[in-house]
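In what comes next, chain A is part of two complexes: it sits with chain B in the first one and with chain C in the second one.
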Partner chain A sequence: MSQFSQTNSGGIDYRRRQKVARLLQHLVILLGAAVLTIYALAPVTWLVSSSFQTEAEIVSVPPHWIPEEPTLQNFEAIFSATEEEEITYETRSGQDPASGGYIPSTAKNLIPSMWNSLIVASLVVVLNLLVGVPAAYALAKIRFWGRDASVYFILITRVIPDIALVVPFFLVIRKLGMLDSLGSLVLTYLAVTVPFSVFILVQYFEGLPDELDKAARVDGCSRFQALLRVFLPLSLPSLVAVVLFTFLTSWNEFLLALMFTQTEASQTLPIVLAAFTSDFTISFSFINAAGVLAIVPPVIVAVVFERYIVSGLTAGAVKG
Partner chain B sequence: MHAWSAAVDTVQSHLNAFTNTTGIPVNYGNSPWAQYREGMVTKFVGGAPLDMMWVSDAWLPEWAEAGWISPIDEYDFLTAYNSEAEDFCTDSMTYNGRQYGLTYYTDFMAFFYDESKIKEAGFDAPPATWDEVVEQSLVMKEKGISDYPMMLAMAQESWLIEFMSALVYSHGGRFTDDAGASIMQHEKDGAVEALQWVVDAVDKHGIVSPACVETGELSGLKAFASGNHAFAMVAKYRLRMLNDPAQSQIAGNVKQAMMPKGANGDHNTVGWMRFHGMATQSAQDKQRAENAARLIEWFGGKANGEYKFQKLLFLDIGAGFGVKPLFEDAEIQAAYNTYGDVDTIKAQQALALKKDVVTPWFGEWAETNGSAWQSAILGNVEPAAAIQKSADLWDELKSSY
Partner chain C sequence: MTKWLEENTPKLVLAPSFLAVLVFVYGFIAWTAWVSLTRSRLLPKYEIEGFIQYERLFASPRWDTAINNLFVFGILFIVIAMVLGLVLAILLDQNIRTEGALRTIYLYPMALSMIVTGTAWKWILNPGLGLEAMVRRWGFEEFTFDWLVNPDMAIYTVVLAAIWQSSGFVMALFLAGLRSVDGEIIKAAQVDGIPTWRVYTAIIIPSMAPIFLSAFIVLAHLAIKSFDLVIALTGGGPGYATDLPATYMYAMAFSRGDIGQAASSAMIMMMVVFTIVVPYLYSELRSKDD
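This part shows the complex of A and B:
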């Protein structure tokens, strides 16, 4: 007699119960995923949606997730700004009725500030790799006196909070005559990011067998060639982690940029974005349009390196 | 010259005119308002080259005590403008008997109402007292016009002291006496009555949302602009935005009334101002100091015979001004009358008082004071006990400085 008929006679239908349990499990996972997806995407969706709304529409109750009167005025204000023209009483933005009276006068600084951020972040990434990779290789593969102490010393520098470094950094930058320059940011961001980059890379290099290094040396490679031809190709995930970490850190950094920059020539994106909330008239829709543009480069970087991100970020995670 | 990132184009246009007129070049830098004080402190400590900067009245005691800024009252051509400035402006720029700058922007906490909601509720006129605010609000709640007719922003932020001061002053109270001693704990001429009104408005009448303790000025403003409330206490310069159809759902309906008064009070409100100050490093060099003084006059006084910068700032963004003659300017009157009533604005500004808690220990005290008010609003402590705690800290800090 089948199991099914047995249940008809009052037995327990284990298979059906299992099926229902599995279905419930899938349902819970699906619901959880849906909730998490909404949680993650709702702010971004609102950011994008509201950037196409007028200021009047953005404060409507209930909010319009799909703009009823979509407008490009916020983006036009950002992209149509002209530079280098001397600002006079006649040409000042406050005189411009097209601004709607609420587009901040610093709107024209957004694109230059994005360039500044991109230049600083790119330089910091490149210099991090140039400094960090050889340093990490040396610390991981060359036995020398004080090696462990060097690693710990590099790590200890990251224990000091950035806020405690602001005044000392400021004094150094002022003495170097680098106030209000991109160079001041590159220099200080390197001090902040290189230790962490070296730490990530050291952990990863230590995970690669020493025999590879020895074999390369036996085959006639110099230290530099062994690094270049053997270790670097094997270290792609950790290099991606370093690139992502240094790029995003530099792109988002606020405190040091606030202290060392004061004109549009050197101000980076976070400072200009914060400045939009400083004006007498504050437009949420404009700030959201600026926010949309601000997330584009990090998203592009993340998409490009997506396949390496997880393995890169966990590089060395299980090493003591 | 360093300023925060406000009206940047207007400032730059006026600076260019200064350079063209005097031949003195000026490097102009700016940074966001929210972090401006911290940034300036770093610049002062780090010895960054500075001649003139924007200063908030709230920072004057700290910056003057630290020797970062210097008095400007040795320049008679600057102090001559005091006769045309609002008294609370000059008072707010004065510390230990010395004047530290000239104002370029001045404003006050105003009481706005949505005229359409008042009429819908069956009233002919806005409330003149805080009791009438309760009365009209309860009718609006009953008729379903608004769940929380009164908008108050009581979040811990830099605006909080202005909201508190306006409530206290209009109830006839003060935080401190003329000697700087705490009287906030007094029942009649202190801050207790004002806080009790807020507590009752939240707990007893339900006309102010309990979420007011997490509502900042900007969020409150946008909520009022969305039509959620009938009454709001916000900075007067917001009136232009509230009546702009491109920015507000209630444009055209927002009117200003005199600040409602309490049983022992008048229509007083709090005023504030920002001014141009001179860096001490500049004051120590005769030529630099003279150039800085000319720049201060160009912005805070007259440029080519008129209060040009204050007028530009008003016309461009609706910011208030601290010199009385501008109220008689035809262009200003015409601009004001497109979205407000210039007579009400003038009358209210005349009743504005400076903040009486601006001291070197203000920052330390303000946090505890804000928390005490919030605790009372949330029903965790009696208003009198909350204010007493605040007063005790004030006395302790005063004696230790």
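This part shows the complex of A and C:
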């Protein structure tokens, strides 16, 4: 009955066209989303997949996105490379570098450099919290003379590109005799990250009501106790964001480490990796295995704490 | 004693950050400015000689390339990352079930070092191994994709990887913005029968103007300090076709032993940042006073 009236009025044509249009729209959206998702995932998928391939397989055309003969030899090479036993292509597989499978003698630096990265990143995170939390609390919740000026004094540095300051950084670190030490990295990373941490935390503290502070003080809390017992538990999301940011920044930092580090005593993971990639005799699959180890911590962090990364990134940017 | 401590707590706890900022940022800017006016080579000198370093800088074809690249790279990177970020945000805002997973997928490149992912990019862009070889295998023998080794096109590979790294971040910004738009207005518009795309272009997007501005500032900032990206992907090559001011500065300071040139190029980079950021800070300050 209804079908009958629709065919007569011509309404069904219109409706069907609308349906087709909507279907097409969905199709286009799905297609676009698929392309973007591939774009987002392809590089790291390849990185992981190729780290389980042999050198022969990695250069095969067409490429194998799923390893045909998965192998752990790249990872074994990294973990078995020790100071005592210099791993070269001769001792490991007796292969000719041209045919691939070449493991550089610097492979033994990889694990120590991971430790260096971990130590530096952890120290920078802890010191950031120790310095940044009280500073942000003071800026956000305590009225004192020069407060507004201090806020801008510190926050404006967020927009200054650290790369423009490397010449003095280098001159000072050299003067202090701190080249090639983990201390130089911790110090300079702090200088780069503390303003940003303070920025995230001030934003968050300012959003918490002043009454909390007053109530705590009336109940006999000192400033310090008010911060510790009232504000810190409430500002957990921003603290997590600060930890994530400082950790990721320190873990991935390249430029300053490139300037300051020279030997395995202080070289961090990105430096050792970059040294691999500039050596054309090293097998791609070995470099990629090392790269996979380097991205494990950030990927875990990104997946587990995605929510906090977003809230940290959007701090201050989205105020409605 | 406790009273004194109580009164001076803000100053005491601010002192370390304050001092760090004073020395490491403001002090170092002044220092860089000073060095940029001298004839410093391998070692810094402190006799001011005027603007010779800037004259040398602007006479250098390599710097010319670096500045041109910065504009090409910067504009493409900012525009495409913003458009893509907005599209992704609108897509994810449609209450789709896989939102959490998709958000992570688009955002994770931000957490990774370009030094690591650069090797994968290099392989994908390698004409003999990656995309070009793959498409040719599918039967498109004429397909060429040699941007990485083509001096005229190499800078676009840097754009490609930079967008890959940062559009998830823009998406996150816009998504937060979309969610903060008043739902009542949107509902009212829908009740009135206004088509969805009109709701976006006429109501939602205009109300997100401040977020566009923040995204622009952050992306411009990222573009100017791009260093890892270029080093990992092209090393500034072929030749110096993909040099950016940051890589130029690094090359001058550490491989050419020309600290004066490095300092003057650093000052130019800083000025570019300031011309972009100062208007923003000014508007920010004004909105705070209101």
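General observations
Here, the second predicted complex is superposed on the first by the 241 of 320 C-alpha atoms of A that agree within 3 Å, B and C clash if a C-alpha of one lies under 4 Å from a C-alpha of the other, contacts with A are read in each partner's own complex, and residues count from 1 in each chain.
We take it that a contact is a pair of C-beta atoms (placed from the backbone, for glycine too) under 8 Å apart; a residue touches a chain by one contact, two chains touch by 3 or more.
Just so it is clear, the structure is predicted and the values come from calculations on it, not from any experiment.
With both structures placed on the common chain, the touch criterion links A:Ser150 to chain C but leaves chain B unconnected. Of the two partner chains placed by the overlay, only chain B lies in contact with A:Asp279; chain C stays clear of it.
Contacts of A:Val131 after superposition: chain C is touched, whereas chain B is not reached. Of the two partner chains placed by the overlay, neither chain B nor chain C lies in contact with A:Pro112. In the superposed pair of complexes, A:Pro237 makes contact with neither chain B nor chain C.
Between chain B and chain C, C touches the greater number of residues of chain A. Of the two partner chains placed around the shared chain by superposition, chain B is the only one that A:Ala56 touches, whereas chain C remains out of contact.
In the overlay built on the shared chain, the residue A:Leu171 is in contact with chain B and with chain C. When the two complexes are overlaid on their common chain A, residue A:Pro43 makes contact with chain C while staying clear of chain B.
Applying the stated touch rule to the two superposed structures, the overlap between the chain B and chain C interfaces on chain A comprises residues 59, 61, 166-167, 170-171, 258-259, 274, 277-278, 284. Partner chain A is touched in their complex by these residues of chain C: 6, 9-11, 13-14, 16-18, 20-21, 24-25, 27-29, 31-32, 35, 44, 84, 87-88, 91, 100, 102-124, 128-130, 133-134, 137, 164, 168-169, 172-173, 175-177, 180, 210-211, 214-215, 217-218, 221, 224-225, 227-228, 231-232, 235, 246, 249-250, 253-254, 259, 262-263, 266-267, 269-270, 273, 277, 281, 285.
Contacts from chain B toward chain A in the complex involve residues 2, 4-10, 12-14, 16-17, 27-36, 38-39, 42-43, 45-48, 218, 222-223, 225-228, 237, 240-241, 244-249, 251, 312, 315-319.
Within the complex, the chain A residues that touch chain C are 29, 32-33, 36-37, 39-44, 46-47, 50, 59, 61-63, 131-132, 134-135, 137-139, 142, 144, 147, 150, 152-154, 156-157, 159-171, 188, 190-191, 194-195, 198, 222-224, 248, 251-252, 254-255, 258-259, 270, 273-274, 277-278, 284, 287-288, 291, 294-295, 298-299, 301-303, 306, 309-310, 313-314, 316-320.
Of all residues in chain A, those touching chain B in their complex are 54-56, 59-61, 86-89, 91-95, 100-102, 104-106, 166-167, 170-171, 174, 179-180, 258-259, 262-263, 271, 274-284.
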